[in-house]
Amino acid sequence: MIYLTRRETFNAAHRLFRPEYTDEKNFEIFGKCSNPNWHGHNYTLYVTVKGELNPQTGMVINLKMLSRIIKEKIIEKVDHKNLNTEVDFMQGKMASTEMICIAIWDELERPIREMGAQLHCIRVEETENNFVEFFG
Amino acid sequence: MIYLTRRETFNAAHRLFRPEYTDEKNFEIFGKCSNPNWHGHNYTLYVTVKGELNPQTGMVINLKMLSRIIKEKIIEKVDHKNLNTEVDFMQGKMASTEMICIAIWDELERPIREMGAQLHCIRVEETENNFVEFFG
Amino acid sequence: MIYLTRRETFNAAHRLFRPEYTDEKNFEIFGKCSNPNWHGHNYTLYVTVKGELNPQTGMVINLKMLSRIIKEKIIEKVDHKNLNTEVDFMQGKMASTEMICIAIWDELERPIREMGAQLHCIRVEETENNFVEFFG
Amino acid sequence: MIYLTRRETFNAAHRLFRPEYTDEKNFEIFGKCSNPNWHGHNYTLYVTVKGELNPQTGMVINLKMLSRIIKEKIIEKVDHKNLNTEVDFMQGKMASTEMICIAIWDELERPIREMGAQLHCIRVEETENNFVEFFG
Amino acid sequence: MIYLTRRETFNAAHRLFRPEYTDEKNFEIFGKCSNPNWHGHNYTLYVTVKGELNPQTGMVINLKMLSRIIKEKIIEKVDHKNLNTEVDFMQGKMASTEMICIAIWDELERPIREMGAQLHCIRVEETENNFVEFFG
Amino acid sequence: MIYLTRRETFNAAHRLFRPEYTDEKNFEIFGKCSNPNWHGHNYTLYVTVKGELNPQTGMVINLKMLSRIIKEKIIEKVDHKNLNTEVDFMQGKMASTEMICIAIWDELERPIREMGAQLHCIRVEETENNFVEFFG
């Protein structure tokens, strides 16, 4: 078993809030992240897959194909977008780093399985000081 | 003459567009950055001042005071904010990295002069791949 | 189960030595790190907690509260301090990265449990080339 | 049990290809990495060992000795070398990041065991966007 | 006048040597970099342009076009290539970081001028420890 | 004219204070940096030299020799040392980043001139947030 990680980046707007709360209550719970006029981040995404080595190629998975899947399923949908309002797989979800991380797992788990590997970990970094990991 | 640089970070939403253009024309000129629903970045700001060494302290400027001025004049106004709609010193300006950089220069030039040093350079990094510098 | 990591930094002096050894023997075992006149580092601390998602907030733990606890319990006690002589939770311990890592675990395990999450990992980086992880 | 990681770097040339394939077929499978005239990378190597704390030293392993073993067994053999043609422990193997990672494990597992610790993980970063981990 | 920098990366093989020297003499002068079997690097390229702000766009130059020119004129020619034998603009030149830096300047100076800006600096980083800058 | 930069790192203890001041007054002026029990940093040093290209080597200066001079004249004297009490070229000086930067310039200016190049800039980074540059 060997683990391969691909790093991609995207820039997006988001806001943390619950629509049924007042702005004051949202600020109390979510702080500056509840700003109704949005703010944003340079997100860094690490996708880790695991699998057996392919004896022909010496690789666990074709890295270029992995990168293409991540770009097609995730980056094109979230880059330069509003995570709260424009991303299909985030509809109805809180745009927290945790929820983004789990939603990306749900999008990538199957396509990576179909490539013959297993998704091991999704890691989303919101800033240099905060990141979230999900292992399924 | 010695140069001292302080690094600070902030997260903000922005959009590149001209209100008199259609969405199509804005997309043609500004690309994905014209998304009407906003996107955002982790901006990194470097403020470089220059001056003579203070023989008592061995420093060009009190770093804690420099950091406080940057936080008060810039970071508190832009962090977790929308650069197009919420920042007083960006009113009526394109929210490009270039304009942000010049606007920050204009905000900091005088307070730093009043501290007895000279502002030398403002550098704003939008992503790890793009940054802008302004020397006045 | 989802994992959230917060990064904080601190600067401190330390020395590796055993008081019952001569300077020569300390140098033989601990090398340059045994310098009796101290040296120091910019330490980077990563605190990883794990827990279930709070369905109301979409978060595992309030990040601002986590940061506050880390600052109050650790950073304020170690930043710009001498790890051998000034830090209560390091009294009588070797100021190695390993011991610092374990001591920080011991300080944070309970407060994080009381916040409703579980401490998963403490990681302390002494330089860009060396780091230690402890999982309890 | 505590985990200690040492980071080292090396620069090397490599090529991904199977000698029995035509250049066209190699390009189809390995892309630009199959360039017959070589290309190269700044590789970053992380060696993680685990063990009990030595109560005398407060350390899991002597870091200087660990660094010396990594340099002697790995860095001196791969730095400024051609991974396909010049490295004894890569003979007859595909010079993929995965194979390099496993081969380094095989070289270091025993010497680290003989130092009284256990090799836990080898991580090889080929670029800032790709890395591989092997846990034995 | 405002300065805009774009960062791009490429991976390439190279060797430092003079063909009229013996391998011994090349090793004496160029050290490990003279390895006849090649080695390589992850190069980082920073292209800095300067110009007046375009009042319509608030930008000094269209960043996407700048990136496209750098990719077309430089990255496609050097990425996953052998700098000594495969790159047209390096023919007959020593593949040192200095010569690469100057050669990239020569390739980009005119296309950037034709975009209405001025090339200010080419910076090439060979490793995290070494880089070269050329200002024309 | 081409510019070449070499990066080196060192770890050291220091303290900012004036011996004729009380601890209270030192704290008032220098803040936490005045801690009488020392603290320390991982300093990063960038040495930039400039010169004409040597047509034989395609290099401005022999990088290995430059690195050796920096190690011999600076790193060996400051690494794992106390900058206030143990470093000859810091005797009687405030151990501020500014003074360290100027003192390193004074140590390196002549040896680099004797190598046939010119020292252009010394840059000392105290933390990821603060750095100082001196151009002579």
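As written, the chain order gives the labels A, B, C, D, E and F, with residue 1 at the start of each chain.
Throughout what follows, a contact is a pair of C-beta atoms (placed from the backbone, for glycine too) under 8 Å apart; a residue touches a chain by one contact, two chains touch by 3 or more.
In this text the structure is predicted, and so the values were computed from the model without any measurement.
*Asks:* On the document's contact criterion, could you list the chains that touch subunit A and likewise touch subunit D?
*Replies:* Joint contacts, listed by label: C.
*Asks:* What chains do subunit A and subunit F have as common neighbours?
*Replies:* The common neighbours are B, C.
*Asks:* If I average the CA coordinates per chain, which chain comes out farthest from subunit C?
*Replies:* Ranked by distance of C-alpha centres from subunit C, the top chain is E.
*Asks:* Please indicate which chain is farthest from subunit A, where distance is taken between mean Cα coordinates of the chains.
*Replies:* Following the centroid criterion, the farthest chain would be F.
*Asks:* Looking at where subunit C touches subunit F, is over half of the residue numbers used by both copies, so same, or under half, so different?
*Replies:* Both copies touch with mostly the same residues.
*Asks:* Subunit A to subunit B: how many Å between their CA centres?
*Replies:* Going by mean C-alpha positions, subunit A sits 28 Å from subunit B.
*Asks:* Would you kindly tell me how far, in whole Å, the mean C-alpha position of subunit C lies from that of subunit B?
*Replies:* 33
*Asks:* Give the residues of subunit C that touch two or more other chains, as numbers and ranges in rising order.
*Replies:* Residues 128 of subunit C touch two or more partner chains.
*Asks:* How would one label the connectivity among the chains shown: line, ring, star, complete, or other?
*Replies:* Per interface graph, the chains form some other shape.
*Asks:* Of all possible chain pairs, which ones touch?
*Replies:* All touching pairs, sorted by chain label, are A-B, A-C, A-D, B-E, B-F, C-D, C-F, D-E, E-F.
*Asks:* For subunit C, which residues are in contact with subunit F within the complex?
*Replies:* Within the complex, subunit C touches subunit F at residues 9, 11-14, 32-33, 35, 37-42, 79-82, 85-86, 127-128.
*Asks:* Quick one: in the complex, what on subunit C touches subunit A?
*Replies:* Subunit C reaches subunit A through residues 1-8, 48, 53, 56-60, 63-64.
*Asks:* Considering only the defined contacts, which subunit F positions touch subunit B in the complex?
*Replies:* Within the complex, subunit F contacts subunit B at residues 16, 18, 29-31, 93-99, 101-102, 128-135.
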